[in-house]
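So that you can tell them apart, the chains are marked A, B, C, D and E in the order they are listed, and the count of residues begins at 1 in each.
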Amino acid sequence: MPKLLSQLVYPADVPKYRRTIYNTNWCLLTKNTGRLLLLAGDQRLEHLNNDFFGPGIDSADNNPEHLFQIAVHAPIGALAIHYGLASRYGYNYRQVNYVIKLNGKTNLISDDPDSHLLATIDQTIELSKEAGFHLVGVGYSIYPGSRYEPRMLAEASQIIIEAHDNGLPVILWIYPRGGKIKNEDDVSLIAGAAGVAVSLGADFVKVRAPKPLTMKNIHRVVEAAGLTKVIFAGGANTSHDKLWHDVSLELKGGSAGLAVGRNIHQYSVEEARERLQVLAALIYENKTLAQATTVFNKKRHAKNNLK
Amino acid sequence: MPKLLSQLVYPADVPKYRRTIYNTNWCLLTKNTGRLLLLAGDQRLEHLNNDFFGPGIDSADNNPEHLFQIAVHAPIGALAIHYGLASRYGYNYRQVNYVIKLNGKTNLISDDPDSHLLATIDQTIELSKEAGFHLVGVGYSIYPGSRYEPRMLAEASQIIIEAHDNGLPVILWIYPRGGKIKNEDDVSLIAGAAGVAVSLGADFVKVRAPKPLTMKNIHRVVEAAGLTKVIFAGGANTSHDKLWHDVSLELKGGSAGLAVGRNIHQYSVEEARERLQVLAALIYENKTLAQATTVFNKKRHAKNNLK
Amino acid sequence: MPKLLSQLVYPADVPKYRRTIYNTNWCLLTKNTGRLLLLAGDQRLEHLNNDFFGPGIDSADNNPEHLFQIAVHAPIGALAIHYGLASRYGYNYRQVNYVIKLNGKTNLISDDPDSHLLATIDQTIELSKEAGFHLVGVGYSIYPGSRYEPRMLAEASQIIIEAHDNGLPVILWIYPRGGKIKNEDDVSLIAGAAGVAVSLGADFVKVRAPKPLTMKNIHRVVEAAGLTKVIFAGGANTSHDKLWHDVSLELKGGSAGLAVGRNIHQYSVEEARERLQVLAALIYENKTLAQATTVFNKKRHAKNNLK
Amino acid sequence: MPKLLSQLVYPADVPKYRRTIYNTNWCLLTKNTGRLLLLAGDQRLEHLNNDFFGPGIDSADNNPEHLFQIAVHAPIGALAIHYGLASRYGYNYRQVNYVIKLNGKTNLISDDPDSHLLATIDQTIELSKEAGFHLVGVGYSIYPGSRYEPRMLAEASQIIIEAHDNGLPVILWIYPRGGKIKNEDDVSLIAGAAGVAVSLGADFVKVRAPKPLTMKNIHRVVEAAGLTKVIFAGGANTSHDKLWHDVSLELKGGSAGLAVGRNIHQYSVEEARERLQVLAALIYENKTLAQATTVFNKKRHAKNNLK
Amino acid sequence: MPKLLSQLVYPADVPKYRRTIYNTNWCLLTKNTGRLLLLAGDQRLEHLNNDFFGPGIDSADNNPEHLFQIAVHAPIGALAIHYGLASRYGYNYRQVNYVIKLNGKTNLISDDPDSHLLATIDQTIELSKEAGFHLVGVGYSIYPGSRYEPRMLAEASQIIIEAHDNGLPVILWIYPRGGKIKNEDDVSLIAGAAGVAVSLGADFVKVRAPKPLTMKNIHRVVEAAGLTKVIFAGGANTSHDKLWHDVSLELKGGSAGLAVGRNIHQYSVEEARERLQVLAALIYENKTLAQATTVFNKKRHAKNNLK
């Protein structure tokens, strides 16, 4: 069997004089592990208000600053938000590393989703300098299957080329969606999305976790992505045990980490951080499920006893 | 509970050398209070003629100059109009502070509304210099849920970046509208619009008042907007008592003010000013309902006695 | 009642160093009267051939040169044509003043009409210099209610800004049209169109005459246009007596003149000029109907006696 | 009756320093006669393969070089082809004069046809220099009645302005087509197309021949085109006698010539040239039908006798 | 019968100073034979995952690097991939010659396919320099019959002009597709596509093989392409005997080679190379079917005996 490339290859469109900065960003983004725990805050635009307010959601979550309060001391690789949120809160939370999600749309349109560039890479870099925070990467969403897919593929490709030219890693969000797609959790579709990501030259791709979530299915997706690293979406708020279990399995299947939103920000700052610490132990330190959850479970147990 | 940021934070994309001008504009716009009473005159394009002529509408309202006659001595933060109206009347009413609403459309299209840029920020700044009036901010409308939403989100974002770069505050008008939206007054939808505004980095957002208009609902919207300030739309012409009551409640719920159109311009210049004085007392001076309406009610009483 | 502005105010986006040229163009266009009798020749593109050939139409009208033959000695403010017609005939008829209609479409599309820019203002100015004729203004059509309305509103606004920057007055043709519009002659709709024109900063707006054509309706439209002057469309070919009567009423109602096409070019050069002389007497000289039509009626009478 | 302009007027947007080159191109294109016999080779893209292969079509026609073999020694004004064909064969057939058809589409779309610019005028001029052939004009197709009509009208207008600026005559192909059009051969529609051409300032317009093909109908079309010269389309392959007869009638009715495709290239090189010679005699030399066809008929007769 | 041009003519839009580089690329691409065996790897984006994983597909194929492992020692003219794949793997497989497929889309949209430019020619050339591989040509897909056909035709034409200007040969993928097309294998349609390619000036065109695959049909397609060379698509995975037979027939019919994907990459590296060697013998060395397949058949025989 032929020897395959490791995953530490520089994309050739990072010019040689930008490799140091690319390397710095990569190390900050992945905490020197090549893996990524990404806190997603772009949903304030993408999902409107229902993810942030309601039964079972901590009341602090309605305020956009809650995301920053969580991020500021949590063991995440980066907080992914849109430009405007960074322009408003970035200076005051400049200890946080940011991935700016460059395009965006609301969830009010479901047929043929389209998502346009809200800010350019130059504007984003300029903002990071004015606000004094670390911009460690940029993000872009594609919806294959939408009639606007060709436009988004082209824009994503240009974003990757321009980001690499500036030494910035790129995370693609790829969600096949539209008339012909019957099952968004289908492994073949998700592995296809992974193939799109590497064909565009992305550094990371965020996709839905396939269902059923088997080792074979995870591996199929990860392998199809080639040198592009796969992080799975955390999805809707689930029980913490299921979340630990799923992430653990995904990492064994070769994934490079997790993008997590509702499973974190719908909790109080304290609880959110505890959860992120479990995830960080799994993702960055290769801890076993038992090792990673010891502290968390003790606290849970203590709390339950208090009730 | 964590300490949250106050609302006096500069957006990081206002360059440091533009902070003085941004600050000046902000103080003019909010009369040094951080709050805003905005007189909306963009409806001459947006609503065509029915809002300005007919039973119950003062005959003076049919002439576009009526807006300026009201604005020139009224305690408003700014008069919001389109570029063309400012090019025609701005020189002769250069005592008024203006917010130029940069995009616009008529009400003849309701499905999938779209609204394009009528004038650029550079052209608007140039006009204010030629005419000699104070341009204290710019406005832009977004219709989430329309198939043109992605285009408008992107254009709004660019407008905010460019306005901040010129030291100009931005007011977004956000009205979710289109096929999937069943209730435009739903608090979740309006709080979502507030979240869109802060994700884009706006200074103010103008949204519909949620129904039912409860303290909880108002607060939900205001909190979701984070560092972006919320002003509610005055809506259709209602009884003055209801208007005072609603505004009073909105301010208690945390809103930063009001955008008012039909409730003002459909009256004679004198009556319009009297109404604006009540609103100004509530918004800028934190007067109680009773304090703010004393003079107004006396005059009403006197007039009714004359009949 | 407050004192209103006269209609001699310069648009503030005419730069001070361009006011002389703007003033010259304005005086040529309105024959120093502030009023306008416009001969419309853009219909050769807009209406195709049926307006120019057939029963009751003088056989000379089929040749595009007929328009120029009429215009060359008639008391009109300007001949409105498209760029291409001006490039072909403008040099040989350079005594005529021209308004170049910048956009255009045929009448083969009725749902959602759209009309794109055929020539830029710079190209138009350049043409006038090469051909040696007076370019006294430019025109642009908008169809509110069409799904392309937002594009046309934006382009019209840019045209006005650029024309004023070059010292050129602008005439907007505004025709609300499309699915939601049931009655194109409705006074509310036409007054709305007038409000659009002033919101865009136009110098003149050409709209349909409202039906019924009452003094009240005419005045409503004219007043809603504010500092933008209103000229009504002559419409389909009607009896000359009705035409004189309508124009006379419109002028009394405050209109600034007339745009006339079929009622003129469907006649021989001689008859067309006679009709224009009646209209000129009404529009420029404020003659009564009786005064203005004396000569015309005598000639009619004489001709009828000859038969 | 007023004296009308002759058809030798320069378009005013040909700058004075370009008149010599415009004149040279015009003389080459019209063989100093003001008339045009155009061989159309754009159909290889526009009509796909069915016009070039099949029963009754000479087998040589399937090869694109056949067009050049015909053109190289035939008495045509120009060969009209797309840029790509000229880039492939132009150097080897640089004795031929070319009109480059700038836009193009296939016949696979019939509703709402649209046709985009394949090459710019600058690129086309550059190609003619590299290949060493005479570029004597450019062509552009418009489909009035299509929903893309406004775009094509605008692009055509810009092409004419730019071509004239470079001293190049322009031929418009105008084919009204789409939902509302019931009869593409209707004389009113075709005369309307002629009016569009002159409103855009074209030098020549190619339109369908009206049906019925009467002197009155031909004259109506030609007259409506004013200073723009009319050439009729040869249409589908018909009997040679009908072709001679139709062309002869069209010329009497005032047409400036013919654009011919299938009636020529579907024959062997030798036969194609014989047919072009008849057409050239009619178009350039004002020969009668009898004079023009003498040689052709003799050869036909001889061939038939041989069978 | 007239003498036709050979196929070694330079396109006239390759400037003279670029002919050396064009010639070098041409020789690398065609291995000095004027023929082309192209390994297609763009399907990872175009076909998503189903072509690379499943029953009957070698498990190595799921990893994008498999394509490079095959290509690195195989007798192909070039590996055709998208920019992003080249940016990720190009440096490590810089011995391979690449054709970068400039546009792309997934197979999730079938009605009215559209495919946008993912990278520009300048970006592609820059990438080849940074990665150190030979860029021997660029590719572009067109879908005639789609409502986006006009846009793609125009973009393809511009790509060809710009590629030639840089000394790069262009391969067009042309697949008529959409509502009106009933049979994508119809010879008339495919010959039409060939005519489109030469009308655009392409160097190679990749089309489907017509059905039935007869010498007459092959020749019709090849001849209609004129100076543009035809390579047929290998199509879905078929028996190797059928593949050898079809290619052999196509070459006899005048084709210039083959583009092959699934018939190669769905096999192990070793098997894939064996198949490519048979194809290379047929395409480059004009071997007979018997000569070309001797070694391959022996190995097959040996393997079968081992089972």
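Just a few scattered comments:
Following the convention adopted for this analysis, a contact is a pair of C-beta atoms (placed from the backbone, for glycine too) under 8 Å apart; a residue touches a chain by one contact, two chains touch by 3 or more.
Everything quoted here is computed from the prediction, not taken from an experiment.
Least step count on the touch graph, chain A to chain D: 2. The angle needed to superpose chain B on chain C by their Cα atoms is 70 degrees, rounded to the nearest 5.
For the pair chain D and chain E, the fraction of shared interface numbers is less than half, so the two copies use mostly different residues to meet. Separating the CA-averaged centres of chain A and chain C is a span of 59 Å. Chain B has its Cα centroid 37 Å from the Cα centroid of chain A. The residues of chain E never reach two or more other chains; the list is empty. Under the stated contact rule, the graph of chain-to-chain touches is a ring, a single cycle where every chain has exactly two partners. From chain A, with chain B next, the chains follow one another around the ring as A, B, C, D, E.
Touching chain B in their complex are the following residues of chain A: 42, 44-45, 48-50, 52-53, 60, 62-65, 69, 81-92, 103-106, 108-110, 112, 114-119, 123, 126-127, 130-131, 269. Per the touch definition, chain D reaches chain C in the complex via residues 1-2, 4-5, 9-13, 15-16, 144-145, 147, 149-151, 153-154, 157-158, 160-161, 164, 176, 178, 180-181, 188-189, 191-196, 198-202, 220, 223-224, 226-228.
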